[in-house]
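Below you'll find a set of structures to go through.
Heads up, the next two complexes both have chain A, just with different partners, chain B and then chain C.
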Partner chain A sequence: MEIQSSSRWRIAGFGGQGVILSGMILGRAVSIFENRHATMMQSFGPEARGGACSAQVTLSDEQILYPYVKKPDVLVAMSQQALGLYLPLLRPGGKLIYEEDLVDIGDQGDLPEGVTAYGVPATKIAEKLRRRIVLNIVMVGFFSAVAPVVSRESARKAVLYSVPKGTEALNGRAYDMGYKYGVDTYGGES
Partner chain B sequence: MKLGLDQGFQGQYPDRRVLNNDVEVMIRPLVADDEDQLLAFYRDLPPETRLRLRQDNSNRKILQRFLEEIPLGRMVTMGGFEVEGEKLVGECSLRIMHHGWARHVGELKYSLMPKWSPTGLGGILIMELVEVASSQGLDKLVYQVLDDQVRLKKMLQEMGFVQEAILRDHATDLSGKKHDIYIMSNYMAELWRKMEDMIMYQEFPPLP
Partner chain C sequence: MHSIKEAVLTGIHFIDGDVACAEGAIAAGCRFSAGYPITPSTEVVERLAVRFPMVGGMFVQMEDELASSIAIIGAAWGGVKAMTVSSGPGISLMQEHIGLAVITETPTVWINVQRCGPSTGLPTLPAQGDMMQAQWGSHGDYPTLALCPNSPQEAFDLTIRAFNLAERYRTPVLVLLDEAVGHMLEKVVIPDADDIEVDARRFTDKPPSEYKPYECSEGSMVPDLAPVGQGYYFHVTGLTHDERGYPIMTADTQVDMMHRLMNKIDLEDVTDVRESEVDDCEVLVVSYGITSRVAERAILDARRQGLRVGHLRLVTVWPFPEQIVRDRATQDSVQRVVVPEMNLGQMVREVERTVAGARPVRLVGHPGGAVHDPNVILEAILEETS
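Then we have the complex of A and B:
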């Protein structure tokens, strides 16, 4: 798949799922490791752990003058609430990426016009690695395979750069497993 | 505390991994039936590597004592094999106490054919056993490094191990030379707590 020159993303889920870190990794991959441009805005619900949480990420080859994402090209939904809130805003022809054990998208025919859905059992993959906390890194691997806005190499480097020292190996594997699932299930470069 | 590998772990082996040099290896836990493979592996190690072995497993009797620990759950040993011919090229062991005041501590050690040293195989074998240690409820891992094992020490530091103590002239290698031992340790729960803390801090930053 060809790497897109610009893209607006909304990544949303519960607090504690690593939603913000996913957005941060995506932005770092583009800005630090590819010398392009990225912005991120984040918002939280009033609750403590478990409340709604979302990141708005804009990626571009050009300078970004407006960081808010009103109508994303890509929606990453990691909770049912996030899908309900943000799916109506997804641009026609956009991509919906969702955690298939946490989000039920219903009938594909109910999706907005031209939207393609990509599901990944990220929690199950993370559980195979015996660390549910790497769910978000599995998602990063998956979305860098099915919605390539950054090279695999840069995304992986950004993962290893962003996670705590000592956890790199397992996070690297989580990334690889998410990426592989994306390539094996939906095609793309391996 | 569980003894040995649980079913979930048993089911995921043998597994294949791609090394830094793009060569594929097969990894799986070693069992008593691997005695001849292990013996050949230790006997093939070059003298300078054998000198630094904690115990001389190229001696069949010593190796048998080592292997007796596996079915008792006191030792989990992960082997790295060449895919073609299934020759053993590296092994890493996790020793678990199960009782006493260090029952939450596991001790790692590994040996590798020198040719395989720069490929990342050592790190892969250690990380496998870090996951096993985590599933066994261990909180802390230690590794005893000799003073001249500089590359090994660096690799452990990259994996989050920190130097906790030095025991002066505490090891005598097979040639009779004395060495300092560096005790490297890694608190696994702490490591993953850092990841959780990082996520929570980002998603719910403290109020200004």
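Then we have the complex of A and C:
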């Protein structure tokens, strides 16, 4: 799949799932490792301390003047509540990326027109690595395969840059498994 | 002089405006901060609390805002560069000490990450409601220096500049962020320490027997400070004082002291206004902070529709850059002036006062809680005035 030059994302789930870190990895991949532009705004306040949690990430080749994402091109939903809140805002032609054991999207036919859905059993994949905590890194691997807005190399570098020292090998594997699942299931470059 | 290599995180980062502000302070040589953490400025002091021990600095979480603001004045007299960090409710409590820093000519930096007011308002959401408070919050006449970043990169750059101006003019300098800039993560490029210009503290070269704390050397309007622990004894007071620092309760002393305080800042040196396509514009947009960024979106859209729109972005908001605003707003091509701001009409009053009726001035206000929708600013730019 071709890498898009600009894209607006909403990544949403529960506090503690690594929603914010996934957004930061995306932002770092673009701004540090590709020297392009990215902004991230995060939900803040009571809702950021447990309960619903979300990040708005904008990526672009040019300076981003309006950093909020009202209508995302890509929605990453890691909870049912996130799907309910943000699916109606997804642009026609947008991509819905979801954790398929945490989110039930119902009938494909019920999705808004033009929306393509990409599901991944990220929790199960993380459990194969015996570390459920890397669920979000599996998600990052998966979404960088099915919604490529940065190169695989940049995304992987950003993962290793962002995780605690000593956990690079584990997180690198989590990234690769998520990426591979995306390619095997939905096609694209491996 | 330059920044210190070991203290500067040279490189490309993806950090928010609050963290960038803290890194700017450290790069500028700040080694003391006292504060009472408050949303949305908390990340600034959290960062300082982690980073200061690595560079020989100290952050103290105080019992309240009054203690914080007086502690940084003490620290500055003790010889270090110091700042405090807060948001509207806390900045309101600090006003008394901003005035004290002005009259005692204490170089200090005051960070205000603006949220919605009045009172505790909306803690987690942005506003630009403290713009007039920045100039008029403490009692009496005084010059204010205030800078307004519109990105995390500028939060870094302008915090350094704030420290430099504070040293150069021996005065408190305010940096007015807002929640959007404070909590927005974006690329911040931190240069090599050698490429960061830092104004060192200027100490007197006179011996203690000849030193007067408020006496200016020839050709300067800013007195030199004295190093601590080397036998300089003098008086520091919030009362009107003479060159020796002693209270003198007369109108003449007040006139002399105020004349110097009000005129010591070199407007040309401190003014920073960014102009974009202003030369033959029909509509002039005057903005600052996060709103200037959103306004730029509207301006680009309006230009695409064929309208000639110029943009004056105020990076230095106080002292208000009267001359530039007047010259640009009243040039022949300009038909009207549009002022978007995230309050219900503050800096627009300065624009109106400066333009003095020569052109219609249109406020695009927003009470805060969210930045403007760029389309609202676009409509105001396109709207013909009758």
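To be clear about the criterion, the second predicted complex is superposed on the first by the 184 of 190 C-alpha atoms of A that agree within 3 Å, B and C clash if a C-alpha of one lies under 4 Å from a C-alpha of the other, contacts with A are read in each partner's own complex, and residues count from 1 in each chain.
Here is the rule we go by: a residue touches a chain if its C-beta (ideal position, glycine included) is under 8 Å from a C-beta of that chain, and two chains touch if they have at least 3 such contacts.
Since we're looking at a predicted model, the values are computed, not measured.
S.K.: If you stack the two complexes on chain A, which partner ends up touching A:166: first (chain B), second (chain C), both, or neither?
M.R.: Once the two structures are laid over each other on A, A:166 reaches chain B alone.
S.K.: Looking at A:133 after the superposition, I want to know if it touches chain B, chain C, both of them or none. Which is it: first, second, both, neither?
M.R.: A:133 contacts chain B only, not chain C.
S.K.: Quick one: is A:37 in contact with chain B, with chain C, with both, or with neither? Answer first, second, both or neither.
M.R.: The second partner, chain C, only.
S.K.: Is A:180 contacted by the first partner chain B, the second partner chain C, both or neither?
M.R.: The answer is neither, since A:180 touches no partner chain.
S.K.: Identify which of chain B and chain C touches the larger number of residues of chain A.
M.R.: Of the two chains, more chain A residues are contacted by B.
S.K.: Could you look at A:53 and tell me whether it touches chain B, chain C, both or neither (first, second, both, neither)?
M.R.: Touch status of A:53: first partner only.
S.K.: Using the superposition on chain A described above, determine whether A:71 touches chain B (first), chain C (second), both, or neither.
M.R.: neither
S.K.: A:19 contacts which: chain B (first), chain C (second), both, neither?
M.R.: The answer is first: A:19 touches chain B but not chain C.
S.K.: Is there a shared patch on chain A that both chain B and chain C touch, and which residues make it up?
M.R.: Shared contact residues on chain A (touching chain B in one complex, chain C in the other): 24, 42, 44.
S.K.: Could you pull out which chain B residues touch chain A in their complex?
M.R.: 8, 12, 123-124, 127, 131, 134-135, 158-161, 186, 191-192, 194-196, 198-200, 202-204
S.K.: Along chain A, where are the residues that touch chain C in the complex?
M.R.: These residues of chain A touch chain C: 24, 27-28, 31-32, 35, 37-42, 44-45, 64-68.
S.K.: Contact residues on chain C for chain A in the complex?
M.R.: Contacts found on chain C: 12-14, 39-40, 123-124, 179-180, 183-187, 293-294, 296-297, 300, 370-371, 374.
S.K.: Quick one: which bits of chain A touch chain B in the complex? Just the residue numbers, please.
M.R.: Residue positions touching the partner: 15-21, 24, 42, 44, 48-49, 51, 53, 128-131, 133, 136, 163-170.
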